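Each of the next two complexes has chain A plus one other chain: chain B in the first, chain C in the second.
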Partner chain A sequence: MTTTLTKQSLLGRPIDRIDGRRKVAGAAPYPSDFDLPGQAHAALVSSTIANGRITRIDRSAAEAAPGVLLVLTRDNAPAVADPPMSNLGSTMRWYFRDDRILHYGQHIGIVVAGTRAQAQAAARLVEVEYAAEEPVLDLDDPRATIEENPYGLDSSRGDAAAALDAADVTVDSTYTIGAEINSPMGLFTTVASWQGGRLVVHDTTQFPSMVRASLAAMFGVPERDVRVLIPFLGGGFGAGLRLWSHTVLTTMAARELDRPVKLVLTRPQMFSSTGHRAASRQRMRLGATQDGRLVAIDHDAVAANGIGDMLPAPIEMGTPMAYACDNVATHERRAHLNIAFTGFMRAPGSVELHFALESALDELAGKLGIDPVELRLRNYAEVHPESGKPWSSKALRECLTVGADRFGWSGRDPSPRSTRDGDLLVGQGMAEASFDFYAQPCTVRLSVDRGGNALVRTGATDIGTGTYTITAQLTADLLGIEVDQVRVELGDTDLPPAPQSGGSGLAGALGAAVKDAAAALGERLARLDGRPGETIASLLDRHGLDELSATGHSDLPAAAATTDLAVAGPFAATFAEVGVDEELGVVRVRRLVSVIDGGRLYNEKTARSQIIGGTVMGIGAALLEEAAYDPHTGRVANGTFGDYLMAVNADVPDLDITFVGGPDAFNPVGTKGLGEIGIVAVAPAIANAVHHATGRRIRDLPITLDKLL
Partner chain B sequence: MTRTGIEYLRAKDQDSAVALVAEDPDAAFLAGGTTELDLALKDRVVHPSRFVDIGRLPLRGVTRDGDRLRVAALTTMEELAADPTVRARLPLVREALLLGASTQLRNMATIGGNLLQRTRCRYFRDPDVAACNKREPGSGCAAIEGVARMHAILGAGPSCIALHASDLCVPLVALDAVVELLDADGPRRVPLTDFYLTPGDRPDVETVLRHGELLTHVEIPLLPAGTRSAYIKVRDRTSYEFGLTTAGAAVQVDDGTITMARVGLGGVGTVPWRSWEAERVLVGSPANERTFAAAAQAAIRDPFTVPGTEFKVELAKRTIVRILRTVTS
Partner chain C sequence: MSSTTAARSTEVTVELRVNGRTYPARLDSTTTLLDALRDELHLTGTKKGCDQGACGACTVLRDGKRIVSCLTLAAQCDGSEITTIEGLADDGVPHPVQEAFVRHDALQCGYCTAGQVMSAVALLREGRAHTDDEIREFMSGNLCRCAAYPNIVAAIREVADS
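Then we have the complex of A and B:
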């Protein structure tokens, strides 16, 4: 912990979550906890083929079933408009616009009944006939529609091809990652209610303003007449960054019935309804001089996408900025497959890129006989490699050196298969990560009252990461009051507009807006002629004021476009030690050290929790997680928590997490987002450790034991 | 088929439990719940008309009778694992129990329920999958052409590759455990190795249990003094997962020669797998790597594999070698 804090500052202190007690006491309402008077319950009808057309749907048996109030399919559903594009560049493809089936588990109807059990029983009575075709499920399937350069991000600096030809040493390797599904623990829920002309929706989302704009457009009502509420969210990991069809169907059913309707997805439905990290394949070519200077990076990537979908999750985006290298070329393609629509699963694109790039760097280090840490330091990007601008902050060097020191890297014998512990082969590997800066504009309303208490209100969400807590902490710090004097209201689109919890962008944007509001409030307070040492409470009281409010705003994207700095995201270095039971192929992580440059921390405890969560997810990505699709039906064959393996406690060793670096020079609070960086370097560090242990280079995630037999 | 309701009855005693199930061809016993409630209410792949709850019958506890242990069916996994005789004389049973499920589940899950658990095959457990010979005889097997990893390679065939995923049953078949069954005709005893049926052309018939017959006890012979035993479980994640391959073994070695051997295999069989083939190789042979490899080779003979389970052939052999090395080292 080397972040510098002023002595009195509340900022950075590892205080407990201010909502922690409510959460553990069951008093924090998650979407599925909301029940409205007169509410009916819904269940979905999903397709059992992945490609083809619906030729007939018979609702009659379901409609006649006990308790059933409504069965909606595309035959009797009202038309809705297309939703607009979100600021993430994604929109929703409304399934009911035609009779096509694009993926297994596609929602083709909704059944509403008096009870959930009645709705679920009736949903099974909807008879569907299809004209089915073989699904296109593989990246290499020649029937797949391929888009070249789908994001316009293919890039070229220097001449990578010529530099590769001329390089002393090259690496040319292909890396694949299976699809991963971010099925958060909290089952996605929509409770929709039309109150007069106004739509009120409790919805599991990380992006309530997008849900509001989308539903308003689709149902033809003004945005001000749509209210989306999400005070607490049971995990997102990116699954809540898109509008999903179950939200639209539930809203539609509520309008048709003119009564509140509640839908809670089932666990298997979560595996095909709320997005995932698409399967990908990357070819990474590196060229270097004998003394380890990178002269060429050529990165070719292809990832899956849904049919008719256009989710932007580029893999190539971070490649040009990762290392100081004169010749860099990137190419990306998108293959449209009969898979459920993808989403922004934690560090989308970045996880994929860094597995390939950091594995390839490790291969290069081996070929050159240069220590992997040293190789990265030799190619350290002191300034932004594209723009040449100085970074707003970059302590990646400290991440590497502090990490190596804490891990004991210098004692490592570089040759593979050199270390044993009993029956186990022991390996040590490392990787680094550079994460892109991202932010969106944010507005907050800040009020102080005569009791000396402050209220912060904004339409942002706390997806479990600590937004309530860090907002209170920052506000208290800026106003010179205690944290328990600050109340924070979030998760309501009637509050001032805020961006999504996503892209590691909320905390920085929200903090900047709070700081702006505090400054505005400070000016108004200053006009009240405060006496030295006088509290806000006394000042308001003396002037007979009940409260004083100010609005704060941040527009970091606009500021980033004009700054002379290269605006940095967070950086990380991860060091992993694995034990491999070679006879049985079993890999277990024994130690893991991560060092993070997150700029200035709001709260060292919630920051650490973010990195722990990302690391655990990274262990899952490295060793366990993969959605398996039935080759003939496209069904997710392991779509339950019993079958889709995530890391459990026993898979996670004690984690050593350290923060380095100082305040970021661009962000007004000095902070950088921490929601995603923790996962990025974990899988390549583990894969590199497996290679060091066994001499086997596994270029396909997850590294399951059969790949090592 | 969808039922609008399931009748729930609580049995007063064993005889009435048996009668209440026997009188209704669609009735089922309800003991612990994991399997039956999940399959009926959540997965909706079985459709009982009636549950007869036996959870409060006095069928709980472990008693020792000479060199045999008699375990009542409602004894929990944790209770059996904590039993002093199991600790002292049946270490492989204890290890198998403690490597199964999670602590929370083991505190609820019963021994009878463990023996009678249904397969975890996702093709069996998803009613939207049409082809499942275990659910609908004659409908086919989607798993064979689908994603198979947690599936069987022994006792399997074109009709079904569903795995019997129990850990506990692996040492129990190796130890010649016997189950006690009760129906209107009275009690009967069946060796556990005869209790389970490989799928053949009737994957829906999994045991010799008759409708209305209640599993009341399992009797486990204790290992002779001087026997070494252990259980090993190989799986993708460290805890809370079924095994890819598992093995339980008990051996006696006299002057370097194996004089007694029991080998059970899990993660590979459509039924808990007793490997008499491995035992025949082991008994009378020197306790060395060559013997272990030969035993492994004999145990995994004529496997039925699909692309997703091919790796299990080698993994199972290595698992056998590992357990034999462990109990003879």
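Then we have the complex of A and C:
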């Protein structure tokens, strides 16, 4: 059996997202839209140095200011327990545990008043004195504490050093990427309310179950007495995958005051309070034979981390699986700096790896005189290079060939500086990408009622990817009803437990759980002795039942551990054409083709939107985005939307996005996640195109005009 | 006037006309139109993304023209006709731009969407949506981090062509 698709299948159809009408009417409620009766407003006090100690805090002027109800600093805040580790291997360092200042913008206190204006005015009156030291901000700073092999992922197969020595041709290049800020449009918000011992929190998070577990542990209440609500998120791109201190401070203030407290971060605070993609440097060494077979890959990476913080951003994780190559070695370090705590940002690790690896392959292709697409095909990993197992799905070859065809790659003159269009140098570049499989267990509750309508409930979030829509679509497909007969409830930890929306892992896990629930429900319905062609509504009606429910569960990590398949994530190939104004150094993307293997699609329309979103963020990463630190204060000097450049509408050319491949053989629905793969190959494709246009190899993102002048 | 760090309050009386309704309000003179809409009038469809006029999430129409409500004082709007996302539908029938946004999936998380839609409605009235490049240029004051940009262009073009 290759597919369960029938002619009537709803799966894959490009239906409109079911929450679209609420969103275009301004009627979808985000955390900052919630106001509770009796609510007070909070503002944060943040550090103005990046390294040192607090020597004195004077709250008196703030406490005396109009409308102020509470000023909490480490001097008067109650103790809290440490939060647990999340399934992503991160926890939160509680700032108030000592007097250390670890980064600029570190939360020193929270001020609560009757109005937001009063709280913000009073926050400026909290006097803080410091014993300041010079901040350590650079990966190369000898004062930085370095941790070797922080995630235990350093790996070695064969003998990379010997193979490099013996290789016909080698590349040895170093690539750097500046810090990037997730910058979702929605300002992160916490509205906390203690309702008789029970805590209810509206909180901007992609990971409600983690926030619940963390707040329960920190405030010493059972998890069942914490409810986290997040029906609509306002974007996250990974920023909502950690517990952040503002959530804890707001919850603490609400408990101290015994009234609801609301905190909305300001945009500048978003730059230092909700994580970012860490700056990184990678040395990539490749060895190959004259005919373009890779014989060695040696990958060395160092990435920034906050001080006292720990967060996996495993740059080296995908390296051993990328190509068929007998000798691969990876080494990773993290450097602890006086920067705001890092986080996960769209395709963490994978974006970094592929910029280095795919740029290096382009350099190798140039040295060998082999076409870049052909070079990748010659080193194609037909089976998993470590385990030798067959992939659960891999249509990367089609990504490459279909992409080359759609782009018109075969007509390309490989020599740099070979094409002009008026004053512009024109270049074409490509790259491929993979994103590792990831999933966590998921549970859903599925009910059908006498009216023939279904209700699906799970504690997941829809961060804008389309979780509401694809859940309804799959459920309707499985039950043989219409999409508008399915209601989906998400974003509430009182619902059955679901994993984070992150790691491109939710759609597969949730779909598998829905399928399990539908099967369980089908068994119960079968026991009701249905007649051929009888609808669920009529069956329930005939038996006098108001509704029937079943719970479904998936545990894909457990299944992945025992399967004979190498469980694959999505794959992609991206082809870009740029125009470079050599006098001004300005790079514009003229057109871009991406071909994606995402397994079976739930919804072609929302799937395409995911890839568009990743692609455009990739254009920003390639050409625009970088947090610039003031060397003396450690402040993100461009920490506003006026100064931190991201792609706007006029930066986006015509995008040609195509999906290839069939259902994945491991996932019960056949799907693979799409939230991240779209970004991964974009920056290297653009950098390779810039090289083709100008003859200059820029190994430092973003490719700003100063680097081309 | 010297600036001080103390909270200084000067109240003003404003008559805000929003979506055809009149709201008399007594506000601090420094209250932005955005905060007045959200906090006083409880019209939360208009969003705050930067509070600095740099992202367009708070775009509303003032006498038919698009403005960023975070850089507009409520007191400046006395006597103006304000239209927000909540006032765009005609007797419950969504505006063609709203319909087109849904059809073309011109949104993902939805947070910037009210601003995008208001900006698009104004752009169409300005008569500057003749080509895709024009639409891209004149919609570039509205950031969308989910980057629904190509679909936003397609939605606006469809309405412009109809």
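Rule of thumb we're sticking to: the second predicted complex is superposed on the first by the 704 of 709 C-alpha atoms of A that agree within 3 Å, B and C clash if a C-alpha of one lies under 4 Å from a C-alpha of the other, contacts with A are read in each partner's own complex, and residues count from 1 in each chain.
We take it that contacts are C-beta pairs under 8 Å (C-beta built on N, C-alpha and C of every residue); 3 or more make two chains touch, one makes a residue touch a chain.
The structure presented is a predicted model; accordingly, all values stated were derived computationally and were not measured.
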item	value
First, second, both or neither for A:D58, with chain B first and chain C second	neither
Partner chain in contact with A:L624 - chain B first, chain C second, else both or neither	first
Touched partner set for A:N649, first chain B, second chain C, both or neither	both
Which partner, chain B or chain C, touches more chain A residues	C
Which of chain B and chain C A:R124 touches, first, second, both or neither	both
First (chain B), second (chain C), both or neither touched by A:R635	first
First, second, both or neither for A:G464, with chain B first and chain C second	second
Contacts of A:E134 with chain B and chain C, given as first, second, both or neither	neither
Touching partner for A:A28 - first (chain B), second (chain C), both, neither	second
Partner chain in contact with A:E489 - chain B first, chain C second, else both or neither	neither
Shared chain A surface residues [contacts with chain B and with chain C]	66, 121, 124-125, 640, 642, 647-651
Residues of chain C defined as touching chain A within the complex	5-7, 9, 28, 30, 35, 38-39, 42-55, 57, 84-86, 88-89, 94, 98-99, 101-103, 105, 107-114, 117, 133, 135-137, 139-153
Complex contacts: residues of chain A adjacent to chain B	46, 48, 66, 121, 124-125, 268, 583-586, 588, 623-624, 628-633, 635, 637-640, 642-643, 645, 647-651, 704-706, 709
Residues on chain A engaged by chain C in the complex (per definition of touch)	16-17, 19-30, 32-33, 35, 65-67, 116-118, 121-122, 124-125, 183-187, 232-235, 237, 264, 266-267, 463-466, 605-606, 608-610, 612-613, 615-617, 640-642, 646-652, 654-655
Interface residues, chain B side, partner chain A - complex	2, 4, 44, 120, 122-123, 126-129, 142, 145-147, 149-150, 234, 236-241, 244, 311, 314-315, 318-319, 321-322
